[in-house]
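Below are structures written as structure tokens.
Look at the two complexes coming up: chain A is in both, with chain B in one and chain C in the other.
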Partner chain A sequence: MTHRSLLRTMPPYLPVLIILICMFALNGLAEPNSLSAYAIKGLVSTYLALMFLAVGQTIVIFAADIDLSVGAILGLVNVTVVSLMQALGDTPGAILLSMLLAVGVGAACGALNGVLVVILRLQAIVATFATSVLFLGLALWVMPVAGTPAPRLFWRTFGGRIMGIPFAYFVLAALLVLIFLLARSRFIQRLLTVGDDQLAAFQTGLPVTSIRVRGYIMCGVFAAFAGLCITGDTASGDPNVGGLITLNSVAAAVLGGAALSGGVGTLFGSVLGALVIGLVGSLVFFLGTPSEWQNLVQGLTVLAALMVGILFSGRARA
Partner chain B sequence: MSGALKPILIAAGLVVLLMIAGEMVSPGFASPEQILRLSIVAALLGIVAAGQNLVILGGREGIDLSVGGVISLAALVAGNVMSGSDAGLFPAILACIAVGSLIGLLNGLGVTLLRIPPLVMTLGMLGVVQGLLVVARNGIPSGRAAPMLSDFVSQPQWLGLPGILWLWLLIGLAMAGLLNRTVFGQRIFSIGANEGAARLAGVPTRVTRTLLYVLSGVFSAIAGLCILGYSGSSFANVGGQYMLASIIAVVLGGTPLSGGRGGYTGTMIGALLLVVLQGLLTTLSIDESGRQIIFGSALIVLLLFYGRSSGLRG
Partner chain C sequence: MTDMHKAYGATKALTSGRIELFPGELHVIMGANGSGKSTLCKILAGSVKPDGGTITLDGRPVDIPDPKAARELGVSIFYQELSLSKNRTVAENILARDLPTRAGLVDRKAVMAQAAQVFAPFRDVASDGFSMAARVGDLRPDQRQLVEIAKTFAGNADIFIFDEPTSALDRAQTEAFFKELDRRKAAGAVIVFISHRMEEVFEIGDRVTVIRDGETVSSAPLAETTRDRIVAEMVGGDSGASVFADPPEAPAPGKVRLELRGVSSRRLRDVSLSLHAGEVLGLGGLHGQGQSDLLRALFGLEQTTGEVMLDGAPIALPSPRRAIRGGFGYISGDRQTDGAISGRSIFENVVPIHLFKSRQHILRRGTLTAEVDRVLQILATRHGGTGLPISSLSGGNQQKVIISRWLMDETQVLLLDDPTKGIDLKTKLELFALIRSLADKGLAILLYTSEDAELLANSDRILVFNNGRIVRELAGDDRTRLMLTSAAFEAA
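After this line comes the complex of A and B, so read on.
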């Protein structure tokens, strides 16, 4: 039974880490340039948004909840921050204020989800789908047509370098520090406890309702961070920007070892899961796959990675 | 039965209320032609929701996110097989059902044999099918519906109703019979309520659950065929909007996502409710953002009527 005990003692993100290393190796074999500093920086700045989104999604999944509105929140934050920056001017102070307000919008969206799912006890999948329609409507109300540009200072900073190091790496470092601190926080421990056995958590006196609502708010905040990253990456506002990314955030969390049934997973694993999804995309591209085949190969690879991740994490319960 | 009847009555009442409201806001909304048109759209959604309903009833977090992909793929395949001629209609139907059942089978095997959570399995499958669509679209023309199929979906045929409404009615009766009168139906409810107990009682849980996903694929494929007939030719991602709409229709009809409880009659009313609500918003002269905001808020309010889970205090 050493096999079993090995499975139990390994870090939960080990399978996704192995998949990630394989993906890097395959990318390097297919096109050595894909491992150049320039290509890596491009990968990181493109997929920062998905990393933040996956972390937010994982936080609610910890408590056995789910949030299908993260993409819509991201889109709403994207158009809000661009509109605010346009209204307030492009001074550093105004940009920071706009970003702060946009994060507040994300938190408010998360709070609405929390109230509906936790306090009013709607089923999470359908309730957050309904709010995603609402958030998309609000985004279209803020900015009916895509294409308003973000201030130059904003995207130049995001795409630029500080002391020779790409700014995206600072954001990545901030994300890693944030999840390092979060993973050790009482908040995350309690979310996991609630997700593991909600009734038992309730009976031992944990404030289950408030913990889950705060999980949704935190998820909204991370979706807002993701929205800011998208804004820096695309340098403009687009209400429909959050299309497919919601489903990718769920896939990244599951790849990273989080169980949709709650109580299992790591935030770090989800960041790695988001990177795997990014690397699958670049691998398909670098392999010289004909363009019409790229989506199919990508879809098959993500599906295979999900299966491998679930089977090898040894807790393939549904 | 009174407990199961309540959500159906609420939904049916809301459909009538919305029709009256629509008629007051824009006269002609409740005209026979308009009701017929809304019913056809509801039938398209309702057929997809039949499969979704079965998968959800089977429990264990059952859900099928790949329905939209199957619809688009089936519409594309069918359009090319028949390519506008009535002679090709029968082979097209067979091809459609083959495509739907194959994808459903793969979903079912992933969920039962590999024990992958349904949300993840069908989500991954959606990615694969969407990729397949891109490949297929590049290689083959988008195809056209046979005249017979278009007439079946949109022209009055028997007793003034188009064939698709009769088909929907037939599916409704078949689903009710299947769920309430057959061993297979009992098995669905038993694995949805308590899979472990069902297995101990001798229910072939894996086969039953796999069949549910196959049926969901087949229903989506049939819907894809009808949607092709409705729109004349298949266009990119024609099925995308049906993924979450089919789930909402099931929930509005009184089948909770936890499974083991509910039925298809409510889902039919749920589909009708969703379509009438959307139709009403389309007739109002407000812009896209207002429509989305009202639709989202209305969904939240509707979900508050039912579809709520029980509290921790029991």
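After this line comes the complex of A and C, so read on.
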């Protein structure tokens, strides 16, 4: 088998998998305790939100779109779910209902993005940036001041264990099953076909508009899942919780092998990409980098990881 | 389909298109460049919306708003420019419209099996490196074309439209395709076929409809017509009665400026020609047969093999930078993407080539302004001041500004790639007068235009292209519409 065809037949997420293993090794070298079961559980529960967000982002990137409002949707869902729980009480039923409604909020945000970008044909980058400001405004209206606590039952469950296994691992398993099924769905295949060449997909007879709008809605739903994870992790509502996470979700998708030009990538790769970004953060911490240097080192490390990924896959991606 | 019409802005692509299709026939559509044959087919396939007219299917009027609706009515089309996703596999492309699923998930085994079944007629001619799991982007052009053919046949359809489906295929592949067409025909399907190879048409066609200037002029069984008659119908009685003059008197040949020997590229096959100083050499034939590719290759935009000699010395053209320094100038009809620097002033649109060639970094506005005024004057460009944005000008005047770029310094060879696209008739005449005056000053000009009348009226000689090759050279009294059309449809 030639070098070229070997590169073609390898799974697209192989480069990011190797980077991930290297990051684990580096973390282990810097601080052996970082590989303990406890530390890994912490890593997973902190970065679950980014994993969900990266999957949602990847779905729109598949169709050559982009969503810069995912962080804001996450924040809006976070304050919505906390406010709802406070209003409805902390019975299990009320909590589940609040979560369901919050996912609906995410889907509605996604639908708005879809209408603006796909039907009204605004530029995806600008339109979703604008809606991110809108969603942030809504979040501040729902909860002007950060710090309303989530019900005890909610965060205790998220941070706790079932049959001795941390709850976060169940969520991770659910995410993996979900993306396994999604990757084999006709919907994702069609998104990829649309992202590859939109005109060709239209001429093939695919309903391009509806496929892209559904991609945005799906992305909103995943952002809502991410919002629920953040709520479980921080145990409180904070409208500004989105912060830098939007661009991290884009970086995770690209690290995972997705091309911003559309049509290429895997959802699993993006999950690995999110973990790499998480490990970069903890590596910077374990290396004892002075706090004023942390952002710089973190940025450089993400850049290096991106470059390694591109070199490895043998072709530059947009 | 009766009385179909479609206009793009002021351009009427189709004025009165009419075609009747019967089950079990292979119906050929013939027409010269811009006659509207592709437009008629795209209307039937739903990718172009008609401005009016009716489509009747099995006695029932139907509305076809998009390709999806067309497929649901059983109309499947092969796109000349292909409709494939390069990052998807062959199998996924063939079945893209309707991937088989099991329990809601894509059934990969069924995808492979069904795609292989659709592709079976072409399996033996697809040759090496081909598999159902291959990425379409990694395939050769002929293999991609086979995939597009298989994709057209996939699923349930009973009207198949093929718009130049054999351009990249070799003989064995073409035969396998024709055999499959026969099989579908025998099963009662209708096949609509557009081809630029007259031979092919007579080999497989049952009936032929000829379209000229957006109008259906005849429809007859192929057995009852002849090659010459079809060509005559495509050309029409006196459609030469345009505003364009008769072909120019060829000037006394100057010295050979540009010579090509055996130039080949992705789209070009073994092109040899010589171009003299002071000559306008026309590139003719149907659209997309390699004319633009040749011009782009000479401007360093496409890789080629073979020899290019400028003034007797070999020259390498790996990039536009080198081509410009070598004395080539390129002007495209796609002003918005390939010419005008939109949003900038007329002044800034005239100077870039000069700045590049003179390696000037610090500008002396005064001298430069005088120069700009001089070249704009040569072209009689009407403008309200060189500081105005180029978009304030009409298309024709924008094109003049772009031409003037190449006149600030010495340019030896001007490559004109459909330069008058979308320009009104009066300005067109002006532009061509200008092109002639440039030739008279000793420039060597290669001209491709998508309108045959323009080509005939302005070329000293015409090279007719078919499928990347030069198939005929027309000079002197041979430069007639009849000869040009006839040559364009000659087998490569």
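We adopt the following convention: the second predicted complex is superposed on the first by the 315 of 318 C-alpha atoms of A that agree within 3 Å, B and C clash if a C-alpha of one lies under 4 Å from a C-alpha of the other, contacts with A are read in each partner's own complex, and residues count from 1 in each chain.
Note that a contact is a pair of C-beta atoms (placed from the backbone, for glycine too) under 8 Å apart; a residue touches a chain by one contact, two chains touch by 3 or more.
As the structure is a computational prediction, the values presented were derived from the model and not from experiment.
Chemist: Have a look at where A:Tyr47 lands relative to chain B and chain C in the superposition and call it first, second, both or neither.
Modeler: A:Tyr47 sits against neither chain B nor chain C.
Chemist: In the overlaid three-chain picture, which partner chain does A:Val250 touch, first (chain B) or second (chain C), both, or neither?
Modeler: A:Val250: touches chain B, not chain C.
Chemist: Is A:Phe202 in contact with chain B, with chain C, with both, or with neither (first, second, both, neither)?
Modeler: both
Chemist: Based on the superposed arrangement, let me know which partner A:Leu122 touches: chain B (first), chain C (second), both, or neither?
Modeler: first
Chemist: Quick one: classify A:Phe286 as touching chain B (first), chain C (second), both or neither.
Modeler: Neither: A:Phe286 stays clear of chain B and chain C.
Chemist: Could you let me know whether more residues of chain A are touched by chain B or by chain C?
Modeler: Comparing chain B with chain C, the partner touching more chain A residues is B.
Chemist: From the superposed pair, tell me which chain A residues show up as contacts to chain B and also as contacts to chain C.
Modeler: Residues 199, 202, which sit in both footprints.
Chemist: Tell me, which parts of chain C touch chain A in their complex?
Modeler: Touch residues, chain C against chain A: 45-47, 66-68, 70-71, 77, 79, 82-88, 92, 96-97, 99, 101, 104-106, 108, 135, 138, 151.
Chemist: Would you pull the chain A residues touching chain B in the complex into a rising list?
Modeler: Chain A residues touching chain B: 66, 68, 116, 120-123, 125-127, 129-141, 144, 198-199, 202, 208, 247, 250-251, 254, 259-261, 292-300, 302-303, 306-307, 310-311, 316-318.
Chemist: Given the complex with chain C, which residues does chain A contribute to the contact?
Modeler: 8, 181, 184-186, 189-190, 192-193, 196-197, 199-207, 263-264
Chemist: Which bits of chain B are touching chain A when the two form their complex?
Modeler: For this pair, the touching residues of chain B are 60-61, 63, 65, 110-111, 114-121, 123-132, 134-135, 137-139, 244, 247-248, 251, 256-257, 287-297, 299-300, 303-304, 307-312.
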